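As written, the chain order gives the labels A, B and C, with residue 1 at the start of each chain.
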């Protein structure tokens, strides 16, 4: 993960920060996005037939053909692809085969749930991860480190379905404090966000620790120490600012991942977010919805990446001024 | 990280590899022997770790599962790592427009939701152990590409590479001789950390019915088979879970140790630390 | 940065703080409200479109059906149609109930019923239920009655009309199909209160309903895909009823004295089908017989199904019209199976078993073990449902040798099972027999019950000889319920809220 710290510094230096740079990156992103949607478009059509999943069990081959025609799947592939592209340019990503509603509308409905969960999980994992990271770095080799690291790793070493069910068993079935599944009110947010956070907290803790350790070895910290500054002040004054970039990078990546939908967690907690929509529409070969999700997830990811890049400059000016630190 | 703390995780990994290789000798039972009359027996008695929902011996399944889980994890890390490093180094070395486009492509692959990609791969290629590996490698290679890319850029800026280029050495030689040694340590660190993660991913695939084919045992498939018994037969998921946890722990410790030893940025600082006072030395990240 | 980290901590603390003043989720629930967990969110609320269990469980409460089945006897009984007669072999006349109104106040007429049928038959509408009604040529309203004409005399017409929900023609035409699916208006016992896509649908009792007063005021249908989560919902009192439980989950539910299992034998049959055309070893009838004798049916029922299943003697359940009780059951005789395999020169042969995650993996693996005990090497090929269907239903029939499945036609009739599974050229059939085709085709077009029964006896004889498939057991529907809910499930897995009561 130290590598990420390196990459962060490198990227900041490579940031001419002009609108030209931004436009260039956006252009590349659109190009890449186009490539991926094309691949997904054709790969999806290789692997299964939505009509077969839509008809009742006793249907005949003719019934299936009827549904295929209805969905426009009997057209040649290139025509289907052109009409998809044509629609996509105008922001029309098609109608869901299953629910017969605009794919974009379905995504818009699920997005608040996913966003809510993602942000809550990110907050929890940042708070927990950064705390653990800083403490284990400062207390390197002491009992605090030995006690804390395994705790973080437990979360990372358990599959989400397992963590989630355990939490439900303890807090919903056993103690009856929190709702087990679904969404009604902020309380419902707690268990799924802890489940998700347990996965990303470890990554954040690790980066924070690495980054703080790196800063600790720098001259300015030693100077501050020599002047008699306490550990607490050093951490707050200097380390926080200088260690923030790699942490931010990882946090950005995690957020993008979370927004793409946390499939397993959403299934366990019956959370009506994008993750469930993804798995349902892929399973049903609901092509328009899957395509729309890919476009959306990629756009979000690219957007967040750009944003974190821009934020580097805002948060750590010293680095931008030529890495003088 | 001292030698002793590096030995323990190494020993654990060796132990796992031994268990995987000698599974048929170590396992008390056939891992796939179904006995419906003896299903869901708690640990103890004839079955040290109990039996699963089909009456199969959990201990034997966990031992044989080590094979599959390690194979999947190592396979995914190696395939994804080699491919990712190659792409990252090429992008970093060529730089310019080509490099930028490659790296944007990496971003986009990273952005496709994991399970969407997984289902597509499994559906298109058909389900098999090999395809689980392919699928995981396909999803994870961009991580290696990213670190390899930035390490390559860094190496390019160094004096010895500039010097080598000036002497007219062929590009492939410079890359092999000067760039790769800078890139590999970082990639290895990422790889060790990914090792544990791949086992978890395989478990998630199993949970969605896309993992290894039944009746093959992997830790992931035992865990996901056990999830509906979480309240009634704890042993189904507890034991593969522990095996998994220890592996993740060991891989992480090893990753940390490897980073401290191999990271070129840190390597240069080691002598400084030796020269310093004892107090300072402890503060060094080396 | 400092302020920022503090803000983060505060936000996290906020999250933590809300966690302390906790109200149990059940506290907000009124006495007349019930919460029902199903696996899937209904794919539509337009009853003309799809017909799958989790979808019709919801919309059949918003709409009335033309006919219903008596939940105890499974006989077709009056519902919107109070009386009916077959005026000609291909013509049926239904008398409509009077005084029924849709929830928007408009009266329900024979015209609405005819429209509901013709809509499904309309190619442009693209109903996925078309197959169930394709025998109908046209439905019309004549003198206040509904008249249905069929291509051939149809013995199963009434069965399928129990699945027909009647929609308001004027309203549907006014708002269009898309809007209708979002804001459905029906004449049923409940109306749609609100729907959260992918999560839950809330129904409220319809005060204008013509039937007896219902006791449930509000019903919340939630989609909870994971079985263990549905069990946890029951245990934590978040749900009053959960559908689609496994036999092992039922054991867990029973340990809670405030919860109970409601289960009933259904018309759903668990079966094995063989590829007799391109199945390799399974092309040989002796191998198919050996497989049928290798399976330990009793162990499947007693140990895996935990008693939530019944042995059967053919590919349909005793609930289906045409079931022949006099047939002998399937035999479990591994020694004889081995001998048959030796005769067929198939000892140690390799077979591919095609399956998907939607088919109980425990049963699939238990069968694999049974077959390996008689010396057949079975490779399980598990692919996701879409891929599985594409492979198994492909006209090339090149999908492997055996598959496991569960079948329910919602029609309680042998025709709905035998025809689609084994008639030559049907998408599920990897079997071809002229005798069989002729018999089941006749069975489809004969209305005299005794003659039909005789036909299906013949069909079962052919199947017993050729063994293109094996009936493993009749499955039970397993529901977990809070004991405050009084309700008895039925054989066709309907969830009619008007039949439920809470205390």
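Just so we're on the same page, a residue touches a chain if its C-beta (ideal position, glycine included) is under 8 Å from a C-beta of that chain, and two chains touch if they have at least 3 such contacts.
As the structure is a computational prediction, the values presented were derived from the model and not from experiment.
Touch-path distance (fewest steps) from subunit A to subunit C is 1.
Set against the Cα centre of subunit B, the chain with the most distant centre is C. One finds 37 Å separating the Cα centroids of subunit A and subunit C. Each chain gets a centre from the mean of its Cα atoms; for subunit B and subunit C, those two points are 43 Å apart.
One finds 20 Å separating the Cα centroids of subunit A and subunit B. In subunit C, the residues that touch at least two other chains are 228, 235, 384, 386-387.
Among the residues of subunit A, those in touch with two or more other chains are 47-48, 161, 165, 169, 173, 267, 283. Residue positions of subunit B touching 2 or more other chains, listed in rising order: 119, 123, 208, 227, 230-231.
Those residues of subunit A lying in contact with subunit C across their complex are 47-50, 52-61, 63-64, 66-67, 70-71, 98-101, 106, 109-110, 113, 120, 123-124, 126-127, 130, 161, 165, 168-169, 172-173, 176-184, 186-187, 189-190, 193, 236, 240-241, 244, 267-270, 272-273, 276-277, 280, 283-285, 315. On the subunit B side of its complex with subunit C, the touching residues are 32-34, 36-37, 39-40, 53-54, 119, 122-123, 126-127, 208-210, 213-215, 225, 227-232.
Of all residues in subunit C, those touching subunit A in their complex are 1-2, 5, 8-9, 11-12, 15, 18-19, 22, 24-25, 28, 40-41, 43-44, 46, 49-52, 123, 126, 128-132, 134, 177-178, 181-182, 196-200, 222-226, 228-229, 232-233, 235-238, 384-387, 389-390, 393, 395, 407-409, 416, 419-420, 425-428.
On subunit A, the positions that touch subunit B within their shared complex are 1-4, 6-7, 10-11, 24-25, 28-29, 31-33, 35-36, 40, 43-44, 46-48, 140-141, 150, 153-154, 156-162, 165-166, 169, 173, 206, 210, 213-214, 216-217, 222, 253, 256, 260-261, 263-264, 267, 274-275, 278-279, 282-283, 290, 293-294, 297-298, 300-302, 305.
Interface residues of subunit C, counted against subunit B in their complex, comprise 227-228, 231, 235, 246, 248-249, 251-252, 296, 299-300, 303-304, 356-357, 361-362, 364-366, 368-369, 379-384, 386-387.
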